[in-house]
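I'd like to ask some things about the structure below.
Labels for the chains are A, B, C, D and E, by order of writing; each one numbers its residues from 1.
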Amino acid sequence: MFPTPIEKQSQGIQTAYKAMLPVALLLWLGPLLAVALFSVKPGADFTNANYWGLPSSFEFAQNYGQVFFNSDMPRYLLNSFLITVPTVIGAVALSAMTGFALGIYKFKANLWIFFMFVAGNFVPFQILMVPVRDLTLDMGLYNTKTGLVLFHIAFQTGFCTLFMRNFIRALPFELIEAARVEGVSEWRIFWYVVLPLMKPALAALSVLIFTFIWNDYFWAVVLTQGPESQPVTAGITSFNSQFRAAYHMMSAGSIVAALPPVAMFFLMQKHFIAGLTLGAVK
Amino acid sequence: MTGVTLEGAIKRYGETQVIHGIDLTIEDGEFCVFVGPSGCGKSTLLRMIAGLEETSEGTINIGTRDVTHMDPAKRGVAMVFQTYALYPHMSVAENMGFGLRMNGVPKPEIEKKVKTASAILKLDPYLDRKPKALSGGQRQRVAIGRAIVRGPEVFLFDEPLSNLDAELRVDMRVEIARLHQEIGATMIYVTHDQVEAMTMADKIVVLRDGRIEQVGAPLDLYRDPDNRFVAGFIGSPSMNFLDCTVKDGALHHPALAGPLVPDTPIPDNLSEITLGIRPEHITLDPAGDQLNIDLTEALGGVSYCYLSTPKGDKIIVEERGDERSKQGNKTAINIPTKRTYLFNKNTGKRIK
Amino acid sequence: MTGVTLEGAIKRYGETQVIHGIDLTIEDGEFCVFVGPSGCGKSTLLRMIAGLEETSEGTINIGTRDVTHMDPAKRGVAMVFQTYALYPHMSVAENMGFGLRMNGVPKPEIEKKVKTASAILKLDPYLDRKPKALSGGQRQRVAIGRAIVRGPEVFLFDEPLSNLDAELRVDMRVEIARLHQEIGATMIYVTHDQVEAMTMADKIVVLRDGRIEQVGAPLDLYRDPDNRFVAGFIGSPSMNFLDCTVKDGALHHPALAGPLVPDTPIPDNLSEITLGIRPEHITLDPAGDQLNIDLTEALGGVSYCYLSTPKGDKIIVEERGDERSKQGNKTAINIPTKRTYLFNKNTGKRIK
Amino acid sequence: SDLSGDLKIFLDTSNPAPRATMEAMIERFGAQHPDLNIETTVIDREAYKTQIRNFLTANAPDVATWYAANRMRPYVEAGLFEDVSDLYAEPAVGEALASTKGALTIDGKQWGVAYTYYQWGVYYRKDIFAELGLSEPTTWDEEKANCAKIVESGRACYTIGTKYLWTAGGWFDYLNMRTNGFDFHMALAGGEVSWEDERVKQTFLNWKELIDMGAFIDNHQTYSWQEALPFMVNGDAAAYLMGNFAVAPLRDAGLSDDQLDFYQFVSINPDVELSEDAPTDTFHIPANAQNKEAAREFLRFATSAEEQTIINNGQNLGQLPVNAGSSVDDDKFLQQGFKMLSTNSTGGVAQFWDRDAPAEMAKASMEGFQEFMVKPGELDRILAKLERARGRIYK
Amino acid sequence: MTAASDTPEQESWFHRNQQSVAPWLFLAPGILFFLFYVIFPVFQSFNLSLYAWDGLGEAEYVGLRNYEDLYWEYVDRDAFYTSLKNNVIWLALYLLAIPAGLFIALFLNQTVFGIRLYKSLFFFPFVISQVVVGLVFTWFYDPTFGLLTAALGWFGLEGVNILGDERFVTYGIILAGLWPQTAYCMILYLTGLNAVDPEQIEAGRLDNAKGWRMLWHIVLPQLKPATFIAFVVTIIGALRSFDLISIMTEGGPFGSSRVLAYYMFEVALSEYGFRMGYGAAIAVVLFMIMMCFIAYFLWSMYREEKGR
C-alpha cells in the first residue's frame, strides 16, 4: 500500500494525521457548508450584514418550507425525476444491447461502430445544440420531458455502450460458448446468461447516469422552458430570480436541488465508484 | 452413441492456416486424447468438432451425420471448458438444467436428469449452491454434470484439469476415467499434461503445428514412437538424443564408451543418425570419464543425473536405489542396445 | 557474506500469532529451503527476514548485525517475488539498475554491474525490452538479475517458480542451483514444491502452523523423518500409512500378508502403531488377494498402482519394468522390513 | 361571452407582484368567459427572452408578452407575430391606445398592444439628501455638486448592477439623449451615426466625469439590478437610475415613502429638449396561435380602460396605464412619472436602448458600456470596437 | 446450405443466420437513436455553419463566410479570440485537477477509523450539479460578503472582486470547476491506488525507493490507467465548460470569461443572439479541437484492442 500505512508511523504522526483529516475536510467543503449555513438563516441576517455570524434565529423550517410550499421547486424536482428515471432505464437498456452486440460478436464493422459511439460520446455538445433543438421542435417535442428524455437516452447511449461493452468483454467468453453448445438462442443468451452477470455494471451505470442527467443544465436550458417540464437545475435559476438577493432562500433551494444525487451517492456509493472507474477503463 | 470422423479438416484464420488437413477416426466409445505443444492447434481442432469454430475445408462426421456446418447445439456434443464456464448466477442444479430448460424440456424431466447426473458425480449436497461456493474440483464436476445431463453422443474436454492443483488433478483424473467407463460415450480430451494423456487415453493423438504426428495407444507411443518428435514428447524426463556419426555400421559419439551397434540395422545411405535413449534405461559406469556430472537431483526414491560432454551435449540419467552419483565427478554410461531408438537426423523419422 | 540467525522470532497480526518462536541458524553460503503446507507461515517468515513485515518479538541477525528493526533496504538482502514484481514501465536494464540508482550509485558503475548480471543470466539480448515482451522464464531471470545486481549478502526467494509451466520450472531450477554455486551467497528459498525443495536445498526447513517440524539435508529428511508429518510431506507419491495393531511384538493389518515384525523394536506401552512405507519400496505379489487393484496408471517408465483393502485403506505402489499389473485384479504386497517406518499413532512421533 | 376552446397565455412577469397582478387579471377575464379554458404559463423573465423564439415556432401560445419597437422586429419579419392592425381600426381601441401605437408599428402595421409602460428616472434617498443638505438637482452641475457631497460622506451616489448589462444601457440612454438629443440618439440606435463621432464621445466624457469622481458603487459588474438594491436600502448609495418597477422592491425592503423620492434626469446640454425612456411592455398574438379570436378578445380586455386602471395601480404593477381613458394611480411616483412623460418630455419618448437598437448591436454596445464603466480610460478602444460592430451589424 | 440435409425440420432463415443477424438486431435501436440524435446533428452543424440564419426565417447560403468572420471581423474576432484564449487557459489549468486529485487521494489512502466517510465526503463536490457549484462559488467570491472577502479581511487584506475583474474572472471560474473535477480525479486515483501491486511497492522498499521517489518511479507508472482516464475526462470537461460560466458570469464582465462553448451559445441562442450559422461555425472549431483529443483517445484504444 502506498503511502506507507499510517499505523506503522509513530503515535505523534498518527494523531496529527487524524487531527488533520477533519480540518482538511472543513476547508474542502467550506463553500458548501457556508451555503448550508445560509440556508438556515433568517433573511434579516443578510440585510443586517450578518453573513458569517451564527444565525440570529434558526429558520430551517421556515426557509425550506418556503422552498417546498411557496415556489415551483417541488414541480421542478418532480420533473427531474420524471426525466432522470426514464433516461436511466432507456439508456441502460439500449446500451446493454449494443454493449452485448459489440462485446460478443465478431464482425467487420464492430470496432468502427464502437468507435462511433465513443467518439460521439466525447463530442462537444454545443455542436449538437442547434440541430437537436430544431429536431425537437420539428417533432413537436420542444418543452416536453419526452423530448429531453429521448435526447438524453441517445446521447448517454454513447457512454453507456463504452462502459457495457468493456464490461462484457471482461466476462469469460466461454460462458457464451457453453450456452451456444447447449443450444441456447442468442436472445436467450443475452437475457438469461449475460444480463444477470451484468447486474453490477447495470447498477453502477444507473447510478452514474442518474447523477449525470440529474445535474444536466445545458440541455435543460436548450430544450425546455418553464416549470411544466424543466428539471431542477434549470428551475433553480428561475427560483433564484424569484428570490434574487434572498440568499437564505437561494441557499435552501440549492441544497434541495443538490440533495437527490448526493443521497443517491451515499446510498449507492459502491456502485457509483465502480461505475466511475469501470466506465472508462476495464 | 457414435464415433467421430474428420476428413481433410482445415482451419484458416484469415490468411494463416492453423490446421492442415486432419484425417482422424475416433471410434464409438473411445477415450481419445489430443496432446501437443502449446499452440499446435489442439483447442482449435476440438472447437471445430464442437462447432464453435467454423471448418474452412474438409468434413466432420459424428456417427453418420455430416455436421461440418451444423449449429453447435445440433451436433449432439457437450463441452467441458478449461475455466469450467459455469453460469455464476445460477445454482448447481440450474447450471446443469439450463440447456434442457432453454430447449423446452419439461421441468420434471429436467429434474430427473439432473438428479441422475448429480448422483453419478456425487454432487447431491451442493445442488443449491452457487458455483462461487464450490471448490475447484467440485466446479469441474458440475461442468461435467452439465455435459452429462444433455446426454450427448460425444464429450469434448479442453484441458479440464489444468486449473486444479496437483493433488486434485490426480483425483479428478481418476474420476473422469471412472465416468468414461460408466457412461461409455465417446470422449475427446485435450491436454498438455503428459501424465493425463498417458493414464487416461485409449488413443493418443499427438499434434504438431496443426498436423498429426502419430496416433496410437499410450504405451505404444511410448515404446514405439514414429519419429523423434513423438519420442521426445512422450515420457518424462524426455528421451535423450545424441547425434551420432555412422562408421562401419556402428554409431560413434564422444559420450559413448565406444562404438555402438544398435539392434536395428542402420540404413546404408545415412552418415549421421540420431540415437534416442530414455533416461531410465541408461546406467552410469563410474569407471569411465567421458562425461561430467553437472548436477544430481535427488528426489528421494529416484535421482536425476545431469551429464554433459565437453562439447556440450546433455544427457539425463535416472538413478534408483540408495547409491547416488556425486555432482562434479566424472562418469561413463552404459546403453542397452535393445532400448535404443534410431532416427533420421534430418527428417526426424524413426528408423525401424 | 554471512549467515542468518533467528532467535525466538514471533509474528503477530493483531491478536493472532502466526509465527511461534522460530529459532533457526542458516550458515553463510547455505541454500536453505522453507517448505510446508499453504498458510504455514513460510512467506511471513521470509518477509520478516527481508524486513517487509515487522518482527513482533525475538531477534533476527544477518551476519553479526542485529537487523530486527532495520529498514529493508539497509539489511543487505534482495528478494525475488513469486509474481516477479518487475516494474512494468522500465526496461530490463532499468529494472535491474533501479536499486543502485536509488542508492546513488554512479551511472557507469550501474551499467557495469547490470552487464555482469545479464551475462550471468544470459539476458543480454533483452536488456532494452519491457517485461511485458518477455516470457515467464525470462521475467523470472530478470527478477533474479535485479537481486544479483545489488550484490546482497542474502537472497530471498518466495516461490519464484510457481508461476512458470512445468518445463520451464525444471530449467529455472537448474539455473538457480547453478547461480548459487557461482555466487555462493546465502539463499533462502520458499516453495511448496517438493521437487524443488529436494533438489535445490542444502538444508530444508519444514514448517507447520508457524512452527519448525524438522530441519535437515534433503535426503536426511527423506530417509530419516522425525515424525509422520515430515514423512508424509517429503516424497512423492507420499508415503503410505497403515494404522496397525500390535500383537505379540508384530504389526497386524488386513492389507498385510501376515504379521510384520519391523526392524525397529516396538515399544511395549503402545497397542497401536502407524506403519509407514514408501510406494517405491513395496512390491506386488500377484499370488495374494488381500487387495484390489483399483487403477493402474502407466506413465511409461513407471506405473502407479492404486490398491485398496475391502475396509477402505488405500495404498499406492510404484511399479517399474515392462510388466505392469492389471486394473481389477487382486494382489498382495511385500514390504521389506528394513524400509518401514514406525510412528506413534497419537503424537505422530517417529519411533526409532 | 361566446368564446370557447383553449387560450394559452405565456407571461414573462415572473417577479412576485407583477405575476400576481397578471394572474388576477386573467382570472377576471376567465370569469367573463366561463367556457374558455385558460392556461397560463409564467416563465422566468430572463429565460423568456431566449425561449420566445422556440415557442413562437413550435408550440405557440395564443397570447405572449414581449417588448415593443426593434425588440419585436425579428419576429415580425419572420412572420411569427399576427398583424393586429384590425384591432387598432376599431375606434374604441384605436383612439384609446394612440399613445403607444407608434412603438408597435412596423411597416405601417401594428403587431401587438401595449399593456403597461413606466417611466425611468432617478430614485433617491430623500433622508440622505436631507442629511447632507441636498435638494433635487435639475442641471448637470447641480447633479455633480450633489454627487461630490455624497461621495464625500462616504457613500456612492448611484447604485447599479451591470451583470446583465442593460442597466448600463439606461445610463447611456439618458446621458446621450441629454447630451445630443433624442433624434441623434435614435439615429445612433439605427446605425446612422459613427460611434467615433465627437458627439458620441462627449456623451461618454460626461459619463466619465461621474465615474472618475466615484459616483457608482464598486463591483457593479458582479451584481444584477436586484442585488444592487441593498446598497440603496442600506444607505451605501444615495440614488438609483432605474425604471419605476424598482419602487416595489425598495418599499418591500423597508424604505418608506418618506425616505424615497424621484426626480427627472437632469438636463446636460441646455440646447436639447428633454426626452425620456418609457419602455412599453406588450401583448402579441403569435402567428401560429390556435385561438386567435379569443386572443384578440383578451387583448381588448387587457387594454380596456378599466383593466388598465386596475393592473397599473400601486398595489399591482405600479406603472402607467396605456389606455387614454384610464386613470393613473395616485401613487406619488406614478403621478410624478405621468406628469413628467406627458408634460416635460418634449424631445420624445424612447423605448430603451436594447429595444431601440438591434439585438446584436445592443449586446455589443452594452458590453462596451459595462467595460467603459469599469475602465473609463479605454474609451477610445471601446468606441473603435463598437464602430467596427456597427459596420457589420447594419447591412 | 447443406447443413440442414440431415435435420428433418426446415430451419428458418433467421435461425440459420442467427449469429450474423443477431448483433445487428441488438445494435439497431441504439445505433438508430445515436445516429439520429448525435451523428447526423454533427453533420447538420457542419452544414449549418455555411449558412446565415437567424433561427426564425429562411437560411441563406454564405459559403465559408462564417469562418471568415471568425478571422476577419474585428468585433467578433475579439470575442472569438478571447474565447479561444480562455479555452486554452481552461485546458491548461483544468489539468491541475489531476495532481490535486492525486495529492488528496494519497492523503486519504489510509485505513484509519472513519476514512470511508471522509473519502465520500471529499467526493461530494462531484455529485453536486455544476449549477449549484456555480452559485456556491459566486457567493464565495462575492465582493461584499463572500467567504473569500471575509477570509482576506481576517488577514487584513482587501477583498478582490474575482468575478468582476477580467484579469481574474476566468481563473476564478476554473477554480470553481477544479473543485468537482479534483474530487473526480481523487476517486479515480483512490481506486487506482487500490490496484497498485503491493509486491512492487515492497520491491521498491528493498530497492531503497522512498517517499517521492517511490511515488514517482514506482507508484505513478502503475497509476497510468487512472491518469489516462483522469486526463480524458478532464480535457473533455474543460472543453465542455458551459454551466459554470453561464451561472457565474454569463461570459462577463464585458465578455472576458467566455469560452467557445459559451460564446457559441451566446451568439446562437441567447437573448441577443440570432446567428445560428455563425454559432455553428464556432461549434465546428470547438469540435475540431476536441477531435484531436478524441482521435488520440480512439487511437490508444485501437492500439489496445489490436494489442490483445
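Structural remarks
FYI, a residue touches a chain if its C-beta (ideal position, glycine included) is under 8 Å from a C-beta of that chain, and two chains touch if they have at least 3 such contacts.
By chain, with names taken from UniProt: A = Carbohydrate ABC transporter membrane protein 2 (CUT1 family); B, C = Carbohydrate ABC transporter ATP-binding protein (CUT1 family); E = Carbohydrate ABC transporter membrane protein 1 (CUT1 family).
Please read these numbers as outputs of a predicted model, since none were measured by experiment.
Any chain touching chain B that also touches chain E appears here: A, C.
Set against the C-alpha centre of chain B, every other chain centre is closer than that of D. The interface with the largest number of contacting C-beta pairs joins chains A-E. Relative orientation of chain B with respect to chain C corresponds to a rotation of 175°, obtained by superposing CA atoms and rounded to a multiple of 5.
Centre-to-centre separation of chain C and chain E, using mean CA positions: 55 Å.
Once the centre of each chain is set as its mean CA position, chain D and chain E turn out to be 40 Å apart. Those residues of chain A in touch with two or more other chains are numbered 49, 133, 185, 221, 234, 237. Each of residues 55, 218, 269 in chain E touches at least two other chains.
Contact of a single residue of chain D with at least two other chains is seen at positions 46, 50, 57. On the side of chain B, the complex with chain C involves touching residues 174, 177, 194-195, 198-199, 218-219, 222, 234-236, 278-280, 295, 297-302, 306, 318, 320. Residues of chain D touching chain E in their complex: 46, 49-50, 53, 56-57, 74-75, 77-80, 162-165, 218-222, 354, 359-360, 362-364, 367-368, 370-371, 374, 385-386, 388-389, 392.
Those residues of chain A whose C-beta lies close enough to touch chain E in the complex are 1-3, 5-7, 14, 17-18, 21, 24-25, 28-32, 34-35, 38, 46, 49, 51-52, 94-95, 97-98, 100-102, 104-105, 107, 110-111, 113, 115-120, 122-133, 135, 150-151, 153-155, 157-158, 161, 185-187, 190, 211, 214-215, 217-218, 221-222, 233-234, 236-237, 240, 247, 250, 254, 257-258, 261-262, 264-266, 269, 273, 276-277, 280-281. Chain B contributes residues 50-52, 71-74, 77-79, 81-85, 87-89, 98-99, 102-103, 146, 150 to its touches with chain A in the complex.
By the touch criterion given at the top, residues 172, 174-175, 177-185, 188, 192-193, 196-197, 199 of chain A touch chain B in their complex.
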